[in-house]
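One structure follows; several queries about it will come next.
Each chain carries a letter (A, B and C) given by its place in the written order, and its residues are counted from 1.
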Amino acid sequence: MKKGSASLVMMLILVFVLSACSSGGSNSAEGGKGEKVKLTFSVWGDVNSGADEVKLAEEFNAAHPDIEVKFEPIPSEGYGTKLTTSLAAGQAPDVFLVGEGDYYKYVDKGVIEPLDDYLSKDTSFNLDIFQKDLIENMKIEGKQYYLPKDFNPLALWYNKRMFDEAGIPYPTDEWTWDDMIATAQKLTKKDGNKYTQFGFNAGKWEYPIYTYLWDYGTDIANEDGTAAEGYMNSEKTIAAMDKYVSWSQGDSRVSPTPLDSETLGGDSSMFMTDKLAMMITGRWIKGDLDKSDVQYGSALIPQNTDGTRSSIIASAGWAINAAGKNKEAAYELVKWLSGTDAQKLRSANGKVLPATVKELDEVKAKEVADKPVIEMMDYAKKPVTMRSTNGPVFVEEFTKALEKVLLGKQDVKGALDEAAKNVDSKIK
Amino acid sequence: MRNSKSERAGYWFILPWLVGLLLFTIGPMLFSLLLAFSKWDIITGVQSIEWVGLDNFKTMFHDELFYQSLKVTFIFALVSVPLYQVASLLIALLLNMRNKGMKFFRLIYFMPSIIPAVAASMMWIMIFNPEYGILNRALALFGVQGPAWLQDPSYALGALIVMGLWGVGNTIIIYLSGLQGVPEELYEAANLDGAGPFQRFFNITLPMISPTVFFNVIMGIIGGFQYFTQAFVMTNGGPLNSTLFYNLYLYNKAFTDFEMGYASALSWVLFIIILAFTLLVIRSSSMWVYYQGDNEKD
Amino acid sequence: MMNQATTRKPVYSKLFSMLILIAGAAVVLIPLLWTFATSLKTPAEVFKDDFFPAVWMWSNYKNAVLAIPFFTFLKNTLIILIPVLVGTVFSSALCAYGFARFNFRGKRTLFLVLLATMMLPSQVTMIPMFIMFKEIGWVDTFLPLIIPAFFGGGAFNIFLIRQFMRGIPRDLDESAFVDGANKMQIFMKIMLPLSMPPLIAVSIFTFMGVWNDFQGPLIYLNSSEKYTLALGLSMFKGLYNVEWNMLMAATMLIMLPPLIVFFVAQKYFIEGISISSAIKG
């Protein structure tokens, strides 16, 4: 064999492989079937709910002979990476799903197409059909950018068996935070030195903490997210957080520390194994709860003594790629994917709530467990991550401060003062 | 003899790599070098790349997390490289025995490398569980109160180092394949001279596998400084940034904060650090690496 | 010169070695046992303390295979795997030979460049590479995942094989040369066969790499009918919930082929060819 012939053999194999593979692969950007406009849309992957989207795509294609859409699910843990990479190369899907924590981020960079022009020209489609707080959440700085796919309001979840065992009445709509903590204390039990169960989870996750702070008339940032000083470390915030932290420390505590909840499997698994009586979390937990044998109920998140009540809605919204080539068609798709029929299809098995008012009312009338969850939507407010591009900086510093306090490394005032200072210097 | 016609045949043999380098590797590397001096928020596409000169490096100089991540990564690399090398060599020596059952043992020790990272991380989160995890339960048998591992800023990094030990299967395989290259006759001759196991190891085995050690140490350094996946899945840099590995910090800067320029600058700094350490090892190699096939220095 | 002491020692040291091995194996196995146990649980049991499930739900395995297009994903993984395996082994061996046995100008520098290509974190080269492949139209095909394997198969592999080759005595090359063989023939007839241990190691690593590769297929493949097993596995992490038991069942299934490959392959590089017999033959 000649010297260079090995390399030539390699090239030959290459040619083989190339021809074999390019017949199998196809470039989805190519046109080819007449005049049809081709669109792709993506969500993050789920073994079970992907089927709904496939069905919706088929129905859309049948109803729109001049458009052909393809559904391309992406695995959840790679969604962000893939979306970022494909946006960088100008290769992103025409329509894609965005989680509420990222709403602001993508709009701020200008990669989401605002929908207002399309909506004003469209006489057949009206935003009134949607729950107003939900649709409001999807407006950034006055413009509508997203339409709802599904959503999960936060509510108070309680373990009925644990309440029954202790002979305590279930949470009521009038409950204040103090009422809840008082009950939680009755439900926190020790066996010698070890806790066998806790009343309430006062954890590190900022969403429940937001509802608590808002009830007390304060927040970690000012309205447009430009200042932390005087908000993250205001007297009200410090006082509220002092109380919050005390719930997971000391002899009269009712909550597992982050350490405990990792120990005992995280708050939802503690809840499901009757080790945690109450927690504030989103409706997504229902899927897991229904699969286990826990007996649960949902209630309104407690209010302040002065009647202030707040909540957060976690949601996923459909967005049109601002760099897409067929935005008109994409708008039709987005309407379809968020409209009444889509909402009905997705909520048919009770796993998600419909975003349209009419369907929501029907669910409220029938489902006991969902009634408080749906009602909580009326109190929804926007966290700083949905009000400002600086949002993530606030959350990062706040969480870090909280972590330090919970690990016993700093007191609340010191940690929050430092955090506020850090935020302000970073967002300059 | 250097660069004679027959020696130049070497170019033909490395041609595939050279071509691949030009086609696939150099381009992206140069692009990222460019990005190190630019500002780019990625999702707006290539048209928004903006030259900023040395700004990224100036920011780095004052970036507290840059230093933190360097510290975490250095500690990890400097502890794990020797630890993993010694451990995997010892195990490889044991697994090199020619018994019947060894097949299964080799399989067992290699299994961790087969498990997808996510599943492995979940397992280890359970193991490190302070109350119910096996690790602390085992320590309790000896009367030792185990720490909170992944929840404790002082121990989280240590936990990850321990966990890495479980996954040295690849290194073991490489040592095993290196051990195969040691000629039997050398051992036979040593036995005839009455050499004990230690003498055999230090005078025959070690020198003969020094090329393999060279490989594993360099790869250990390169890999150690680029440690990412487990930290990403298990701790995301916490608690309190005690496991904020350099590569993780870099990744977050790029994909969460959309600061690709800064991330690229960070990556080139890492490049220089790794290159420096590697050169050190290469320079020292003439003193301890022995190639049976030739007399060339690396 | 054998005396009592030397005959007794081997027995103790063997026993000691076995003990260590067994202890280590136990440590290594426990996490795996947990995965197996979880794969047989019902969703409710996943969160409970008991190590083993009450009822062993083998049906999880059937469901895991049915829930996703398991065999399509398997086929896709193989479409990538086989060319990559072939390409990597051959091209890395070729390049390693070039670095190991030839003394051409710039070799030292080029070798350093080879090592240097591994020093830049892939997180930053990932996007430029993607843009490049997009420009030549290879996105949503298997090509970006296969073609690079033919161009050296990776610096890691070239480096590994090169180290081993430099340990093979030149006498063999020289005697073959004297017999009239050219460099290529020396490569094919002497170096390749003698390099079985690292070649098998490279094969195993390449197999594992492709089998478990998540990020490559993630960013280059758009159509879900082209997805590989690694991507399919992560579909068990849903919109909001994780199906732990199914995820673990699928994980166990996916681990099976690499295990089998390794078990078979180790015969070839452990009880490998000894250099001495090659010299004699």
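Note that a residue touches a chain if its C-beta (ideal position, glycine included) is under 8 Å from a C-beta of that chain, and two chains touch if they have at least 3 such contacts.
Which chain is which protein? Per UniProt: A = Carbohydrate ABC transporter substrate-binding protein (CUT1 family).
Here the structure is a predicted model, which means the values were calculated and not measured.
Chain pair with the highest count of contacting C-beta pairs: B-C. Centroid analysis (C-alpha atoms only) places A farthest from chain B. If you average the CA atoms of chain A and of chain C, the two centres end up 37 Å from each other.
Centre-to-centre, using mean CA coordinates, chain B is 16 Å away from chain C.
Multi-chain contact residues of chain B (touching two or more other chains) are listed as 9, 12-13, 16, 42, 46, 118, 132, 255.
Shared contact sites, meaning residues of chain C that touch two or more other chains, fall at 49, 91, 94, 127, 131, 150, 183, 187, 214, 234.
Residue positions of chain A with contacts to 2 or more other chains are 3, 6-7, 10, 77, 81, 84, 88-90.
Put simply, chain C touches chain A in their complex at residues 42-44, 46-49, 67-68, 79, 83, 86-87, 90-91, 94, 126-127, 130-131, 134, 137, 139-143, 146-147, 150, 182-185, 187-188, 214-215, 218-219, 222-224, 226, 231, 234-241, 243, 246.
If you check the complex, the residues on chain B that touch chain C are 1-3, 6-14, 16-21, 23-25, 27-29, 31-32, 35, 42, 46, 91, 94-98, 102-103, 105-120, 123-124, 126-127, 132, 134, 166, 170, 173-174, 176-178, 180-181, 183-185, 192, 194, 196-197, 208, 211-212, 214-215, 218-219, 222, 226, 228, 247, 250-251, 254-255, 260, 263-264, 267-268, 270-271, 274-275, 278, 282, 291-294, 296, 298. Partner chain B is touched in their complex by these residues of chain A: 3-4, 6-7, 10, 77, 80-81, 83-84, 87-90, 105-106, 109-111, 258-259, 262-264, 323, 392, 400, 403-404, 407, 409.
Of all the residues in chain A, the ones that touch chain C in their complex are 1-3, 5-7, 10, 13-14, 17-18, 21-22, 24-28, 40, 43-50, 70-78, 81-82, 84-86, 88-91, 150, 152, 265, 268-269, 272-273, 282, 284, 287-288, 291-293, 316. Chain B makes touch with chain A in their complex at residues 9, 12-13, 15-16, 41-46, 118, 125, 129-132, 148, 150-153, 238-240, 255-258.
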